[in-house]
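Presented below are the structures under discussion, each in the form of structure tokens.
The same chain A turns up in both complexes below, where it pairs with chain B and then with chain C.
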Partner chain A sequence: MLTKVFGRQPLGTVFAAPYALFLALVFAYPLGLAVWISFHDYFFAAPGAQVDRPFVGLENYQTVLSDPDVQRAFLNVAIFLVINVPLTVVLSLVLATGLNSIVRARTFLRVSYYVPYVTASVALVGVWLFLFSSGGLVNQVLGPLAPSPSWLVNSHLAMPVIALFVTWKQMGFFILLYLAALQGVSKDLYEAASIDGAGRFRSFMNVTVPGVRSATSLVVILATITGANLFTEPYLLTNGGGPDGASASPVFVMYQKGIEQGNPDTASAIGVILVALVLVIALVQRRFLERD
Partner chain B sequence: MKRHLVTTSLAVLALGVTAACGSGGDSGKAESSTGPIKVWLSNNPEEIAWGKAMVKEWNDAHSDQKVSAQEIPAGKTSEEVIGAAITAGNAPCLVFNTSPAAVPQFEKQGGLVALDDFKGAKDYIEQRSGDSAEQYQSPDGKYYQIPWKQNPVMIFYNKDMFKKAGLDVDNPPLKTYDQFLATSKKIVDSKAAPAAIAPAPSSEFFQSWFDFYPLYAAESGGKQTIEDGKATFNDEAGKDVWNFWAQMYKDGYTPQEKYDGDSFADKKAAMAVVGPWAIAVYKGKVNWGAVPVPTKEGMDPSEIHTFTDAKNIALYSACKNQKTAWDVLKFATSKEQDGKLLETTGQMPIRSDLPTTYADYFAKNPDYKAFADQASRTVEVPNVPNSVEIWQEIRDNFSSSVIFGKTSVDEAIKAAADKADELAGQS
Partner chain C sequence: MVKQRRIWSTAALFLGAFVFLFPFYYMVIGSLQEKPDTTVKGAFPTGGLTLHNYSEINSRVDLAQSLFNSVVFTGGVLLGTVVFGVLAGYALARLKFRGRGALFAVMLLVQIIPFQLLIIPIYVMIVRSYGLADSYLGMIAPFAINSTAVFVFRQFFLQLPEDLFAAAALDGASELRILWSIALPLVRPAILTATLLTFIGPWNEFLWPFLVTKDQSLQPLAVTLANYISNIAGRASNPYGAILAGAVVLAAPAVALFVVFQKRFTGAELSSGVKG
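After this line comes the complex of A and B, so read on.
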């Protein structure tokens, strides 16, 4: 009976139970509830308040899908992902490979790349404002070549700047993933490639890249998920998704609608659409990256 | 890595639901119940000083009905924190920082107590605030907030910068839009300041209260943006105001990028749209003067309206001892406490007889006199459903047309007004 309920390793089930419970309470239940909210005319109410929350079918989805601000936010985050994900993969892998091969200053460089990842976004945003504001360091260096309007108030440049910021901030974590994966690539393969006359670039392309494919799959999926959840940077770096909504993300619009404007129903609909889209993208990515 | 924001947001939504499933107290009993209560104060030092002194005075005289005061817990905005507290059922009895724009939402949540339910409350509010009180009535005719204090906004200008630009510092040419633009040009061309004026060009819903709304209140002769459930601002006055600001941005007198700090105090702008709270803040830092906001053709200052920038007090439904809360509310808005608030913070109690009631104070502090006069001609945000959403629509359209010049003012103001009509008509 005990085996039937807890499996062949009951102790393992006991150890796994707290995290399973955590997942159920903090992830699964809210997700299910958000889906429920998205199909109802819902708003937050005081305990005991008599409120009517009728089922409205797909009305909230129709509302958000026909809302130009929401459409714009999804387009913005698509632009962000197109820049951020490939850049993250390429730079992380190249830097990890470099860090893996050097001997001197390795620890210093690893820490240097990791520091932005563990530093609060709010603090780092201050640094980027110093760099990219109209009178910032970058424009001073560029002089007459500085863009007008400036980076953070330029509707064509605001999202790319945010994508660069996030790439830089997250890089340390992804470098660590690649460094771990690189330890699993056999030295024999590099020696064989060398004997076959392959240079450093060819070795990198034919040995390193295929050798860390599983890590690349993980990096792509994680970068996509974190990127799709973009909020802090549009909120702080471009002062609320500016200029004129050019850097508003779906999560930022969720915050506006759900928290500021008291419409958690439409906010939930955006959240559910976002989760569905991220799942689809992740599945497509897995299919392409793990096809071998 | 797994704690993604989407999931967190969903969790917040879920917590809202679970909290909403709880059972409420007996509101009828609470209304007559007395005992200890909790109040939240705004988090600026002057208001905290006043609040603590007020609470001490109350506590010294009411040992069986102790008030404990604390600052509003930290959050992105006070309104978010209060909204979450209402949902969770742990809001305090009184919040001495309730934004009038948030009241319709709190009311819809079932988080507020109609003050009219207390004997004599309606008379008390209307006697204290006079005609201004009407602006704070909800569409059902009840008061869910007591008009407390306001910061009527005016144009502050830096006299030293004006002097450097060759402008008259005692009678600055800032009455009409043409004068304001010409003055701005002189300031920027003379390099007296990098910007003439720098209201935040960011997209938060409340930013329109410090560029569009004060000028619209003035130009329209005291209209709210929504009256009788319909948007008013798609009129000549509204278009004039939007076009004025559009010109300011187009000519580069007003920056499109937000300055992270106080542009007026940091000498990055020669003017600012601020209320009397700024007098203490800029004392010793800026040699300032103040004038009413401009109008298209210029008006006599005694006819100019502006935005209130008011914060009110509301009684929250989670309160168990509501009788005490109402008594504290009356105590805190008494003539004596209003006088202490004025002295400690420089903010104007929303009283109909302000300049005469505190004549001594204004005689001793002449800088505040113009604000006291302006306080009798202020316009509040309309108390309508979906208030925050309407202001966000106004802001987004203002941003698109006025600040960034991507759409025409006529199209944008019409789009904002049409959406405002739709939202104000919903429940």
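After this line comes the complex of A and C, so read on.
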């Protein structure tokens, strides 16, 4: 009887129960709540107070989609992804291939590349603010080539700088993923390629790139998710999505609308749209990158 | 020919490493300069270094209290992950119980749907419904068990040979005993790797503790420093110096841990966890 209800090893239910409960409370329920809030006229009320929150259908979605701030934020994240994802994939694969082939100083180099990944964004933003301020070192080096207005207050450059920051910060993790994937590429294939007279570039394109395709798919999906998550950088690096919303991210707009301005309903609608977009992009990329 | 190529790729890798490390060097140098010197020469000072910025940031924000809050936040998450995450990982890998498939599917889904997108409902629940604003519990709760770590645990438990468990079961060992005295000692490296991975989450997290704490005496260092950057910095005599001093204090523990345990953080260790 017990076996029927709980399975062959009912102790498994006991072991897994805290984690299952955790997922239900901080993942499944909030996901449902986000959808529910986004279809109602929801506002903050004192704990325990009985308030009426009428169903409003798609009204919140209409409000959000016709809001220029929200449109701008989605455009910004698109700009971010167009810069960040290709740069991440190419550089992390090239660097991982390089690291894989050298013998000396490998540990030092590997650690150098992942140090930004393990460091808090807030700390790194501090030094980037210093480097990219109008009189900062980057502009000092560039001299007359320095952009005006400077990087972080220039509406064309703010988002690209954020994209570069995140590429730099996350690259170490993706290099690790590629390093692992490269161990799975058979050495015979490289030998066969060199017997066929392929140079280093050709064997990279014809052996390495196809050999790590499933890792590439993972890297693309994880980089996209990181992009959808963007908050700390627009909040701190460009001082609240500035200049004039040119680097605001959807999560930053969610924070402004939901918590600062007290409209959790429209903010939830943004969240639901983003979750849907992330899932669609993840599925499309999977299909596209894992065709064969 | 081959040798020459190798020299080039080594040189390129070192140049890349320089780009990755320079901001860290600049962070330390900037935190030690009395006045910000942004010239190229200023990046390689020959003297005039001082610890003044560290006392400056310490007088503006309560560094010790912030560090303590970071430790409590991170410690709570690590405790939850190691205790309940190991149990869940073990159950998912070795025990057949009802709902295992569903739990595994949800665990994978969690990795795709970012936490940031759920902040509004989680904020509504924790701050408004349960009144857990300005409490360690409210800070820790959404991160209490790291799903990536559960995944890593599961992968490592899966790799253990079946015979080991069969033999122990034959000897009449209980499931809890098998986990404690046979499986756990064998996956100790996995626990270290997962602990390191989990550590950087709460230690570096900004958005959630920023939303849930208004009381300064409860804010972890990442939040304290961010607030300093966005509010108070304008009034300090050398704002960058103080910001960078705070950044060094925030970055140092994570960097030190990962340099010391770098062997545990290689592609091979992680791939089994991330790729599955």
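Everything below uses one rule, namely that the second predicted complex is superposed on the first by the 270 of 292 C-alpha atoms of A that agree within 3 Å, B and C clash if a C-alpha of one lies under 4 Å from a C-alpha of the other, contacts with A are read in each partner's own complex, and residues count from 1 in each chain.
By our rule, contacts are C-beta pairs under 8 Å (C-beta built on N, C-alpha and C of every residue); 3 or more make two chains touch, one makes a residue touch a chain.
Not measured: the values here are computed from a predicted model.
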Partner chain in contact with A:A267 - chain B first, chain C second, else both or neither: both
Touched partner set for A:F201, first chain B, second chain C, both or neither: neither
Contacts of A:I37 with chain B and chain C, given as first, second, both or neither: both
Chain B versus chain C as contact partner of A:D69, first or second or both or neither: first
First, second, both or neither for A:I221, with chain B first and chain C second: second
Which partner, chain B or chain C, touches more chain A residues: C
Partner chain(s) touched by A:L179 [first = chain B, second = chain C, both, neither]: second
Which of chain B and chain C A:F55 touches, first, second, both or neither: neither
Touching partner for A:Q256 - first (chain B), second (chain C), both, neither: first
Touching partner for A:N229 - first (chain B), second (chain C), both, neither: both
Where chain A meets both chain C and chain B, residue numbers: 26-27, 29-31, 33-34, 37, 44-45, 47, 129, 133, 225, 228-229, 231, 239-240, 251, 254-255, 258-259, 264, 267-268, 271, 274-275
For the chain A and chain C complex, residues of the former touching the latter: 5-13, 15-16, 18-20, 22-23, 25-31, 33-34, 37, 44-45, 47, 95, 98-99, 101-102, 104-105, 107-131, 133, 135-137, 140-141, 168, 171-172, 176-183, 200, 214-215, 218, 221, 225, 228-229, 231-232, 235-236, 239-240, 251, 254-255, 258-259, 264, 267-268, 271, 274-275, 278-279, 282
Residues of chain B that touch chain A when the two form their complex: 1, 4-7, 9-14, 16-17, 19-25, 77, 79-80, 83, 86-89, 91, 105, 108-111, 200-205, 255-258, 260, 317-318, 386, 388-389, 392, 396, 399-400, 403-404, 406
In the complex with chain B, residue positions of chain A that touch it: 26-27, 29-31, 33-34, 37, 43-51, 69, 129, 133-134, 149-150, 152-153, 155, 173, 222, 225-226, 228-229, 231, 239-245, 251, 254-256, 258-264, 267-268, 271, 274-275
Complex interface listing, chain C residues touching chain A: 5-6, 9-10, 12-14, 16-17, 19-21, 23-24, 26-27, 30, 36, 38-40, 42-43, 84-85, 87-88, 90-92, 95-100, 103, 106-107, 110, 112-125, 128-131, 141-142, 144-145, 147, 150, 175-176, 200, 203-204, 206-207, 211, 222, 225-226, 229-230, 240, 243-244, 246-248, 250-251, 254-255, 257-259, 262, 265-268, 270-271, 274-275
